[in-house]
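Naming follows writing order (A, B, C and D), and every chain is counted from residue 1.
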Amino acid sequence: MKNTFGSSVCITLFGESHGPKIGAVLDGLAPGIPVDEDLIRHQLALRRPAGRISTARQEQDVFEIASGVFEGRTTGTPLTILIPNEDTRSGDYRRGALRPGHADYTAHVKYHGFEDYRGGGHFSGRITAALTAAGAVAIGALRNRGIRIATHVARCAGIDDAPFTDPETQTEQLNRMPFAVLDEAKGAEMRAAVEKAAEAGDSVGGVLETIVTGMPAGVGEPWFDTLESMLAHALFAIPAVKGVEFGDGFGMADRRGSETNDAFALQDGKTVTRTNHNGGINGGISNGMPIVFRCAVKPTPSIALPQDSVNAEGTREETLALTGRHDPAIVHRARVVADSVTALVLCDALALRFGTDFLAEET
Amino acid sequence: MKNTFGSSVCITLFGESHGPKIGAVLDGLAPGIPVDEDLIRHQLALRRPAGRISTARQEQDVFEIASGVFEGRTTGTPLTILIPNEDTRSGDYRRGALRPGHADYTAHVKYHGFEDYRGGGHFSGRITAALTAAGAVAIGALRNRGIRIATHVARCAGIDDAPFTDPETQTEQLNRMPFAVLDEAKGAEMRAAVEKAAEAGDSVGGVLETIVTGMPAGVGEPWFDTLESMLAHALFAIPAVKGVEFGDGFGMADRRGSETNDAFALQDGKTVTRTNHNGGINGGISNGMPIVFRCAVKPTPSIALPQDSVNAEGTREETLALTGRHDPAIVHRARVVADSVTALVLCDALALRFGTDFLAEET
Amino acid sequence: MKNTFGSSVCITLFGESHGPKIGAVLDGLAPGIPVDEDLIRHQLALRRPAGRISTARQEQDVFEIASGVFEGRTTGTPLTILIPNEDTRSGDYRRGALRPGHADYTAHVKYHGFEDYRGGGHFSGRITAALTAAGAVAIGALRNRGIRIATHVARCAGIDDAPFTDPETQTEQLNRMPFAVLDEAKGAEMRAAVEKAAEAGDSVGGVLETIVTGMPAGVGEPWFDTLESMLAHALFAIPAVKGVEFGDGFGMADRRGSETNDAFALQDGKTVTRTNHNGGINGGISNGMPIVFRCAVKPTPSIALPQDSVNAEGTREETLALTGRHDPAIVHRARVVADSVTALVLCDALALRFGTDFLAEET
Amino acid sequence: MKNTFGSSVCITLFGESHGPKIGAVLDGLAPGIPVDEDLIRHQLALRRPAGRISTARQEQDVFEIASGVFEGRTTGTPLTILIPNEDTRSGDYRRGALRPGHADYTAHVKYHGFEDYRGGGHFSGRITAALTAAGAVAIGALRNRGIRIATHVARCAGIDDAPFTDPETQTEQLNRMPFAVLDEAKGAEMRAAVEKAAEAGDSVGGVLETIVTGMPAGVGEPWFDTLESMLAHALFAIPAVKGVEFGDGFGMADRRGSETNDAFALQDGKTVTRTNHNGGINGGISNGMPIVFRCAVKPTPSIALPQDSVNAEGTREETLALTGRHDPAIVHRARVVADSVTALVLCDALALRFGTDFLAEET
């Protein structure tokens, strides 16, 4: 299946960084869901490089909805979004220089040299624009049902953001911020650290934390297709994500059961947990509490500093000095991609559980 | 698909903790692979609770190969392993007491009370015995091709094991140890800490680190079915796993690109990387270096300390005091399950890449 | 996926004709559905060879439900049915004699000689006993929702059965008959023809016609997973099925559009069609009329007459004279298998459309 | 998965008859396969309505390859082909008139009125242009390996074409003919009959027969994913296909086993069958003989004659009199779609069996 993911609601991605068009096909979404083109534009703008801490490549991300929308609503048949590649400078890239930390080498082994190597080709972060556009439609569908997703830069260049205190309100606020943090002072520190790394010809990584509110209990499967499995599957497909943890995650490894079990209580006649160390998922199934997870985003592999490498043919060692336009950090841009794949996975899980009309029925 | 995972080589799991039989169907494995029943027994013994730091429940794990093996070798058609449940004391469990940290509540919501609740039913760690048996066959198949997997308890109760220094040799050694550590002194400390937690009626968590050697480059997909995605999907299906990271994982978030990019070099005419911060995977595809990842295992949720809870019907808050037999730690037992799902995912990825006969051809 | 079929409700088959056990795992069925073991026994009895027109091999088809049923109802987790092979006479079969019309040659090419060749191994019609047992559970689930399936031997040895006149009533009646025909006189003629072929050391084929009543409209997909595609996929997996047609099928090829279009009308405020040339499916989606299709079943390939063949190694031509026990016709036994796969496909399609609880909600 | 089909090589279809663009994503094809744009154009021309026996709608079918091709060859990553809809006259269609034999009613039930109803929307035969374009790439890939596919109009309006006598030569010839028949005189008779039906405001159906030569033995699965199952799944997704039979198909139902078993023989040291009643497939697996199957194509449901119908809301019976442009026959156009889906299924089956590089290796 490769570039297609999902069972009932699924996404197919295509395109290369310097090819004619990138795009996504979103299939299986319920009919009748309003498609908000402004939300798509908004999400694309959040993903787009901007300011001093991002690459200077400018993409307008003008998109075309080629199918699946009629009179402003989903038809229920495949919804296709196309984004032409406009500002491509293929001359910035040359064949054979394997960029450490990138997929140049593995692509060369897998595709025997036939891959479109320009700008990372199909492996480029550029493809996430299509994922973001499709994700925006999924995010809109979930809002119909009162399910909201938000992600903040929980850590960047060693600096921690504040934790969530009031998810419902903060979710709205984060979704408007280009550099999404809960504590703006911390965000300013992070950006300063990124600029400093950029000046040194280097890059930084970070951690994203995502929260989902309004998710009904009882969604997910006990084995293999646990909600954690499905989310992690999609999250690890985001370039640069090297770790995923749910709830207290790796922090649980050092704790005792009495500290990590979430006690049950009754609240307004509903079963809830008093704490949420398990991140809203027990036994692979949502328990009705907010779903919380974190993704480790590695530093952008494209750096200006010279690096040891070899040529694609594997015949000669050579030093690589990248020129061109690069992001000293992508964690703040990856944020909107994390939201997007989360939305797509949840739409799929909900449709599998409650049927294909579920997302169209406003709550 | 739920309880089935994989595309070309796939596994189907079934059974409940206190039902007649648990089992696994391993489908798509190449014909002609020797099936080593001693290896299956060995792996089952490693998973089985033993000693003072495990539950007193004794399972002989006598298994029957019901299909798919003929004259000692795989036929290429579904290989089914059945394990009868022998030592089941259903009386230890009563309906309605939602155990915090377990799937009791989510199962009740999803299955409307029709779930077999005894001993966790289909959610029980018991089911991993079937996964382990099937995994042993996959591990044997990979050995045919020179691919070896080993996992150690990298951290338990706050105590770190030593890191890998000589994977090829250490792999063999770890696969013989009931409590797999690279530094036996550290292992003794860990076990002491587990016993101490047990005495307090509590439990501990830990971190597993897995290494795969001999994996060919060029396996995995750029989007969605990245090797990290496929492995994480399967690893998060292991009960109690709440985090997965590849290579330096979350540690990369605090580093710079110049510190996390793995420089390429030529070694005996082959392209290799000088470091392995990316854990053997770039752009979702294996690069020929050892694949390295770590799983966070939460403390066993079954503890003797009293816990706040509610009844299954959600009508009454009540205090839960578990009696019966429980593991104060499962991280050392989960180790063999991590090896098993890893083997299954790699068999699938290799068969997809190189065809269904690949695993049968000895290198 | 091979031996697994379905998305939301799926079936995994395993076993060989002369191996220890055959079985099926039915996953994804809603929780709380009553499991009627008598119905399973009844369906197995209908499939079992009986009388002069079937093989003398006697199987009691004693089955064990190994998982997924608790207190008489489905749990919602994988339901496993095991059937031990009891009456196996491996001596009747010898290696190397490729039986024309069977899978001996193709199995040998695919599995390189490692296949369990005894009695056809995994390709044996014997495996359909497991499919029948699982199908019986699916048939029971559909009855919950008022959906009924019946198949008759529409043609055998050149003799036509009468057509359906009153499906609702006839469905009940057919499901009780070992040799299911609508006109018993025609059935007697058919059986006589089968016996005559048997005396000549030969075998006969036939056509099965299936009708499904009570199927809601709006189920199926426009492309690829059309209801016809899903049903045909499963039906062509039944050994000996070489043709599938829906509604008037091949007969439509010789007609005009004005004769094959089904005019719409209103009946009791509901949109219906006046005729059903399209077999209840338009554009791949059920239209609420009875679903009707026919399967061509080829003559049993096992015949007593001598046949030209070669050895498995492909080194020598030789004459094959089969001894042992064989069916001179299987069309009447394949009937219950057609019902079974139909039920499984419909359960899957309904769960995908209306959610995983749908089948549990009695109408 | 709906609009996506295949496991290792898969196709995703999207678009509506009167939407901006239709298209297909072909994923998983080996890297390095030459992409012959002339062949795509040729296949699109064969599918395009032409002459007096087709609709007057004129589509240039100008296509754009938006991704997956670099320097004239496949990259191995998703290959996307887009076809803009140019000549759309939405005014020809009005909402609410349910066209008998079409998907108007079932689409309305499934999509609750949100479907793009213009020209059949996503259900339109128009979408097969995208399928044809993608199929052309698959056909080219198979040619690399010496595998060739051809389909002729075996029967139309009750007139039979001649049978295949020399498949290798005839395959080439058929692939150049707009109305593909083996006997041109019979073809002329068929076309005359189609014109006659058109004059009567009516339409005709027919039967397509497909032959595949050069297919290696050992491809396909014993249960569920038999080669017949996979092919039938895809063939039944072609609009208007209501029957599929392999080899002698329904004709086998009236014959004896001694007449339908294909005797084995040795030819140039290779195991072959003397006859091919089973159409090149035994036990669901290719046996190395030509694969032969036939599809029943129903008469075009769009006819000029008045028809009884109801409105979409189901509130009023009304008479429908279609105006606009319609095909009095589509069997000759469906031919190229049959070739396309056949090529896609075989590419998938071969890649699953022999690995993802198989199709790139020229024989």
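Definition applied: a contact is a pair of C-beta atoms (placed from the backbone, for glycine too) under 8 Å apart; a residue touches a chain by one contact, two chains touch by 3 or more.
The structure displayed is predicted, hence computed values, not measured ones.
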Equivalent-chain rotation between chain D and chain C, CA atoms, steps of 5 degrees: 180
Fraction-based call for chain D against chain B, same above half, different below: same
Centroid distance [mean C-alpha coordinates] between chain D and chain C, Å: 27
Euclidean distance of C-alpha centroids - chain A vs chain C, Å: 45
Approximate Å spacing (C-alpha centroids) for the pair chain B, chain C: 38
Chain D residues counted as touching two or more neighbouring chains: 1-4, 7, 13, 77, 110, 122, 222
Sites on chain B touched by chain A in the complex: 1-5, 7, 13, 98, 100-103, 105-107, 109-110, 122-123, 127, 155-158, 197, 200, 202-207, 217-226, 228-230, 232-234, 236-237, 239, 241-266, 269-271, 273-274, 278-279, 281-288, 296-303, 305, 307-310, 314, 316-317, 331
Touching residues (chain side chain B, partner chain D) in the complex: 7-8, 77, 222, 352-356, 358
Chain A-facing residues of chain D, complex: 1-4, 7, 10, 12-16, 19-23, 25, 27-28, 31-32, 64-68, 70, 73-80, 82, 110-112, 114-116, 121-122, 357, 360
